[in-house]
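Multiple structures are listed underneath, in structure tokens.
Shared between the two complexes below is subunit A, which has subunit B as its partner in the first and subunit C in the second.
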Partner chain A sequence: MGKVIVVTSGKGGVGKTTTTANVGTALAMLGKKIVMVDTDIGLRNLDVVLGLENRIVYDLVDAVRGNCRLKQALIKDKRLENLYLLPAAQTKDKTSVTTDQMMELCSKLKEEFDFVVIDCPAGIEHGFKNAIAGAEEAVVVTTPEVSAVRDADRIIGLLEAAGITEPRLIINRIRTNMVKTGDMMGVDDILDILAVDLLGIVPDDDAIVISTNKGEPTVFDDNSRPGLAFRNIARRLNGDEVPLMNLEEKRSFFSRMKAMFKSE
Partner chain B sequence: MGFTSMLGRFFGRDEESSLSKTMAKERLRLVLVHDRLDMSETMMEELRTDLIATIGKYMEIDQEALEVSLSRDDDGVALVANIPVKNVKRQVG
Partner chain C sequence: MVNKWSAALANKPTVLYEKSLRSGQNINFDGNVVILGDVNPGAEIVAGGHILVMGSLRGLVHAGALGDEDATVTALHFAPTQLRIASHITRPPDGNVDEGAKPPEYARIQNDTVVIEEYQPPR
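Entry: the complex of A and B
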């Protein structure tokens, strides 16, 4: 029996979908059987981040309503054969799925898969309630900004009220230089305020923009720093002890040269 | 970063309290006190009950008229309790 993990944040634009895509992919790279579920009905994006947008025939709403069999709605990844996506519906109404339907869907999926990773929409309304309905664990994504941390706090409260008592935090888009000069909250500052367990830290990096442009998760790139961060996070979710990555670490001369030639 | 603050940093005159991340932390702390309490009416109720029990050991208070609330000004958040006293208990022994 697999585990259902929801990736959530409250605030939009902090990197939920990028996190879902990369953590899901990295878990699959560890040999696990993974399905990612996009619950952002009407604003689906997980498909484009993964580069699978051209393969969609059926979606989440079709699957829960029985317009197709669940298996027909699952899209197999191009690169990894143990990685699947259940895309959100793009044209249907947000309220077209109920929490009961979501719970049923999750319990079916976890019979098949080792991890069910759910990408939650922004906000705390219907879509959020659906996304967390079938989840046993939660990953809260935030960035070192006042608005994102405030929303993360609210989400942690709502998760706890819903019985998901130990959400774990990912701090995304850390800019080491700004933390050093005191112009950005650091990891300790944020943990001080939110008082939750830390699952991982991800540096702000151009590699994310480039990988999203291409529709290739950055975890496939051995030279990507956020890629390493997300692979570490996947290993922790899988139960391994992995030390936090060193954000100070400069890229080696060799890898910088390689990156330079690549961009030519 | 402005030129003066850069100079300040260069000469080590930078104080923790003037850093923008410190401002972010302080502002978050205040705003979260309110957010968290808005979410939990039950906690406020428990506090009220405990206050009545504790103060009741020393004086007789008007439980109906007791008011507990959070108030906020520029310096921070304060717990404000208005507790009408009916009678003070005599010291025993």
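Entry: the complex of A and C
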């Protein structure tokens, strides 16, 4: 029996979909059988980030309404054998799925898969309630901005009220330089307010924009810093102990050479 | 400075909330309210009597909401978004960022203005 994990944030644009795509992919790279479910009906994105948009025939709404078998709606990833996507519907209304249907869907999926990773829409209304309905665990994504942290706090309260009592936090798009100069909230500032367990920190990096636009998750790139951060997060979700990554900016080749000569 | 507690308020019923209050959560009670945790930005407490926060107060609180000017607000870390006592409304001065560690403070009405000072146990 697998685990159902919802990735949520409240605020839009903090990286829910990017996190879902990368963490889901990284879990699959660990050899787990994964399905990612896009519950953002009407604004589907997860398929685009994964580069699977052109393979969609049936979607989540078709699957829960019985227009197709669940298996038919699952899209197999083009790179990994054990990674699947259940895409959201694009032309249907958000209210076309009920929380009961979502719970039933999740319980079916977790029989098949080791992890069911649910990409939640922004907001706290119907779509959010659907997304968390069948989830046992939650990952809350925030960025070091006051508004995002405020919304994360609200979401954690709502998750607790819904019985998901120990959500874990991912702080996305950290910029170490700005934290150092005091222009950006640091990890400690955020944890001070939210008081939840930290699952990981992801540095802000241009590589994300490139990988998102290409439809290729950044976890495939061994040299990508956010890619490493997401792979670490996947390992922690899988139950491994992995230390937090060092956020120090990578030094240039030249300065490393200089440091080497100095130490000799 | 010795703070004084009104006997009338002390005899009112009191609720004890044993968790932090997060954004969007609120407590409305016509007696006193004690929070064993933080009150985060976006959270709201409206109480007829005193409010006591055994943690960081960063949200909005209204003590003496039924008009009782003897009501007070006490917090281990005092940094509310907005502070109301009876019909008085105050907020921290603009540009005043939360400065971190400091002793517990409490707020009350004195000479028709809200005064915030370091907390001293009543004698």
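As a convention for this text, the second predicted complex is superposed on the first by the 250 of 264 C-alpha atoms of A that agree within 3 Å, B and C clash if a C-alpha of one lies under 4 Å from a C-alpha of the other, contacts with A are read in each partner's own complex, and residues count from 1 in each chain.
One rule holds in what follows: a contact is a pair of C-beta atoms (placed from the backbone, for glycine too) under 8 Å apart; a residue touches a chain by one contact, two chains touch by 3 or more.
It should be emphasised that the depicted structure is a prediction, and the values quoted were computed from it without experimental measurement.
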item: Room on subunit A for both subunit B and subunit C (clash or fit); value: clash
item: Residues of subunit A touched, compared between subunit B and subunit C (which is higher); value: B
item: Which superposed partner A:I193 touches (first subunit B, second subunit C, both, neither); value: both
item: Subunit B versus subunit C as contact partner of A:G157, first or second or both or neither; value: both
item: Shared contact residues on subunit A - subunit B and subunit C; value: 150, 153-154, 157, 192-193
item: Contact set on subunit A toward subunit C in their complex; value: 150-151, 153-154, 156-158, 160, 192-193, 195
item: Complex contacts: residues of subunit C adjacent to subunit A; value: 20, 22-25, 38, 40-42, 56, 58
item: Touching residues (chain side subunit B, partner subunit A) in the complex; value: 1, 9, 14, 16, 19-22, 24-25, 27-29, 31-32, 35-36, 39-40
item: Subunit B-touching residues of subunit A, taken from the complex the two chains share; value: 145-146, 149-150, 153-154, 157, 161, 179, 181-186, 189, 192-193
